[in-house]
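After this come two complexes, each holding chain A, first together with chain B and then together with chain C.
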Partner chain A sequence: MFKFTTLALSVATMAAVPALAGNALVSPGAHKGIAKSSLSATPDGEWNRLGRRDGKFVELWTKDGDSLNKVTFFGGVPAGEPLFREADKKNRPLPKVSGTMLMTDIPTLLESSYRIQFNVNRISIDDQEPATLGGHPGLKFRYTFVSADDEVERKGEAIGAIVKDRVFLVSYEAPAIYFFEKDLPAFHQLAATLKM
Partner chain B sequence: MLPFLAAALLAAAGPAAAQADPSLPPFTLGYEPTSVDERGLWMDADERERRLRDSTLTVRDEALNRYLKGVLCRTVGEERCRGVRLYVVEVPAFNANMAPNGTMVVWTGMLLRARNEAELAAVLGHEFAHFELRHGLGGFKQRRNASDVGAWLAVLGGLTNAGTGDLQLSLLGSVYQFNREQEEAADRLGFQYLAAAGYPSDAATHVWQTLMAEQDATAVGHGRKPKQRYAAGFFDTHPTSLKRAEYLAAEAGKIGDSGRDPRAADYHAAIAGHLPQWLEAQVKLNDFGGTEYLLQQLAADSGWTGELLFARAELYRLRGNPRDLAASVGFYRGALSAGYSEARLYRNMGMSLLRSGQTSEGHTALNEYLRLIPDASDAKAVRALVEQ
Partner chain C sequence: MRNRVIGAVGVVLAACVLVSAPAAAQEKTGAKTGFMLKPGAARIVLMRPTIRVASQSTGGMSEPNADWTAQAVENIDKALRDAQAQLGNDVVSYDEGVSGEGALTAQYGNLFSAVADSVITYQFFAGNRLPTKKRSKEFEWSVGPGLSGLHSLDGADYALFINTRDDYGSTGRKVLQLFAALGGVGITSGVHIGYAGLVDLKTGELVWLNADRQMGGDVRTAEGAVKRVAQLLEGFPGKPGEPLAAGAK
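Take a look at the complex of A and B:
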């Protein structure tokens, strides 16, 4: 009974996860259509694109694995949609993008989504300043957070903008110890080439 | 009741008997687990406790921890509480649990929801009762020996049986570690503690009533039907909250005391320093219905303080419908009148006003924020909003 039920559970779990497309190398040079959107970037070093998709509008890049360094592209999340695919839509729905959002609401949207989806019980938005994302006025912000899953303190830096009621956001996250500083220049180089 | 008395008698026998008598209560200082099963459970619990001790999410506030331990000792008695280590963990949901080795874990979401010291004591007493009655061990043995389908399903549902350091968020109030009979036994022993310690006897029933109401409010807020199950299903590990509320209320009726907790003020003083942070975590969970209910409950005790009004304003602003934004501005203003003095109020009120199309008033509020904290970490971004 136990084995049978375990098998049934595994099958049920697998069915709930969309088919994985496989990871792919992102070679240096221009890349268009990131996160199935108008975002493009021209990295000068190698990255890896994860086959896993955390949402309809999300694409993940990493150098050494997403728990060590992760760039998340949110390619134009429209009003009424959450940033991520909801893990428990019924009981723990995520906040949705709103048509009246200000650019300063983007960090709160991210924070709230993290608290609900990733068991992030401690998170602080450290600073915020105006910036441009692909030529559009936006916001750059830095943050620190700890997820209850692995209790590693991570730092993040993100650039976001609201263009025609859609949220575009590109974030870089890595453990605060060693990794964040190590790959920050690579993220800055990548971010500087972002176009929409 | 019998295990309670037996345990009390054994406790009176003192530590000298610890080596000889395998049926000594587990809270005896220097108690060593006796059987293979019990040693295994304790070893696992010890490891989890080590992780808990070093966890970054453990709240290291000496005064708060001392206060909570004090409440536990008042509830179950000095002798019993001596063998307990209590940890507060930053998780914004209602839960507390106790491992077979005497590790007690309290989530901050529970502290936010307890209305007074008596309700806290009811929860701590209940968890301690699981420990005293060795439910971790009993449940483990029962599940291992049983062979029917129901028992195997219980294993699947109770994989976290020995867990205490398990920080994975689960559903609100889902404390699935023990079976239904064990929960009821712990409720009844916990109730005896509460009565013996002189706390109002209806505190335990209040805990379950408000938890049920909050779950209903959450469901409605998420566009679902209020869905308290008013009878426990065959495989449910817990008595339904309603059943608990009922039998605990019946017990309280027999005692018939005033129902007022004379120590409520002590409780509010002990958690006051943490309240803003816990409220903020709750407000950001996108649980409008449950949070609104919770705030109403807190306000029913203390009145609408500046802190509660600010939290309510944030809750409405974050939901962000046009009517919510208008309501939030009203609550921000109310918080100001009630003496709330943190500068961030002006920033957030300014953002609500801007989103409502009240641009000049919004700018005035944002400028006030910048005047109060010109070098705030988000000053540049706020300035950009004003200049847009």
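Take a look at the complex of A and C:
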């Protein structure tokens, strides 16, 4: 049976969810202050920035909607903070960024966060290699995952780095059928222009 | 007496929630510009419906219910069999045969749902449209051209995808809804989503979609499933009595 306190907390949590802001056009050209951070990028095509924010340090771009193609910018998540706003902090807390984290720990952080936040029941890190993010040493990794919410198999590619104890991460995800390959070149172009 | 008072308060609060909810004008049907389907002109494969039924916990978590899902599969299958002869074209049920493509077509079914979800979120909700899609009033959505390469769909012109998802609110969820109303927060109890979409097998384009996140009909019962299927196929292009060219409603 449910308890009154559970109800009160649930209501309070729902009341605290911010209202939806409008989506904005990301036109070709330079864009600074992405995810309220030092991240900047210069896409050569159009994207949409979602009004929805999944966390204090998160910004979302898409072409056809976030379930079909999504670029997530994590703009410097500090130690002690999770990647995303926690949907159920008490019962399903997210892992937090640690001050002792190495960049090779980033894929595991993403994986464990996805299992909780997005109800992901299958996820595998397929490969990883050294890369640079905005001129800083980083890690590029590719992954595949399925959320129990819609059972769509999605592929992802991400570049992460730890700069001044903060996690910077930019990921691209889309359904494995059709969409991932369709917009991968646009993501690669975008990723190649990332600066900090 | 006490129960009556609680019940009355509940009704009033529920009414308040309904009244205070924004009256968002939302389209439910879309079609590719110029798409037209004459009766008797096409062979349509009815893909295996994706049907999920769950209970919704107090906190809103979806908890799959295998028994309800099995009932819904049986009921919707029967309702679809009865309805497919009335669609005005040669509609046949998907048969994997010896192609070994069952798992892949199931993935296409899931992908169709993701596309339909995006259409609802970013096209049908006018206030939430993506700026790049806003300028063009066209209905341009696709599951990609790969579907046309499936041998199990050889000889067909279109694939008809059906997806339903129902979460039935638990008692706790319903009570939470009332408490939330007291706090001035409008929350829903239950999820009843249904998508029906026609995909052109030459291009992979979604040429017609009927999608609603507030579907009627309790799919756990035979009568409810008939109502749900009728709602899903409302406005189906080429169906006798429906316009040949389906447009946004």
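Brief remarks on what is shown
Throughout what follows, the second predicted complex is superposed on the first by the 181 of 196 C-alpha atoms of A that agree within 3 Å, B and C clash if a C-alpha of one lies under 4 Å from a C-alpha of the other, contacts with A are read in each partner's own complex, and residues count from 1 in each chain.
Note that in this section contacts are C-beta pairs under 8 Å (C-beta built on N, C-alpha and C of every residue); 3 or more make two chains touch, one makes a residue touch a chain.
Values in this document were obtained by computation on a predicted structure and should not be read as measured data.
In the superposition on chain A, A:Thr193 makes contact with neither chain B nor chain C. Legend: residue contacts after superposition of the two complexes on their common chain; A:Glu46 is shown touching chain C, with no touch to chain B.
After overlaying the two complexes on the shared chain, residue contacts for A:Glu153 are found with chain B and with chain C alike. When the two complexes are overlaid on their common chain A, residue A:Ile116 makes contact with chain B while staying clear of chain C.
Of the two partner chains placed by the overlay, only chain B lies in contact with A:Thr100; chain C stays clear of it.
Of the two partner chains placed by the overlay, only chain C lies in contact with A:Thr62; chain B stays clear of it. After overlaying the two complexes on the shared chain, residue contacts for A:Thr144 are found with neither chain B nor chain C.
By the touch criterion defined above, A:Thr108 lies against chain B but remains apart from chain C after alignment on the C-alpha atoms of chain A. Within the superposed three-chain model, A:Ala24 lies in touch with chain C and out of touch with chain B [touch as defined at top]. Judged by the document's definition of touching, chain A residues 1-2, 6, 91, 149, 151, 153 lie at the interface with chain B and also at the interface with chain C.
Contact residues of chain A toward chain C in the complex are 1-2, 6-8, 10-12, 14-15, 20, 22-25, 46-48, 51, 62-65, 67-68, 88, 91, 149-153, 175-179, 182.
Here chain A touches chain B in the complex through residues 1-2, 5-6, 9, 90-95, 98, 100-105, 108, 111-112, 115-116, 119, 121-122, 125-130, 137, 139, 141, 146, 148-149, 151, 153, going by the rule given at the top.
Those residues of chain B whose C-beta lies close enough to touch chain A in the complex are 55-57, 90-92, 149, 152-153, 155-156, 167-169, 171, 222, 224, 281, 284-286, 318, 320, 322, 325, 351, 354-355, 377-378, 380-382, 384-385. Looking at the complex, you find that chain C touches chain A at residues 58-60, 62, 107-108, 110-111, 113-115, 117-118, 121-122, 127-133, 141-146, 172, 175-176, 179-180, 182-185, 187, 204.
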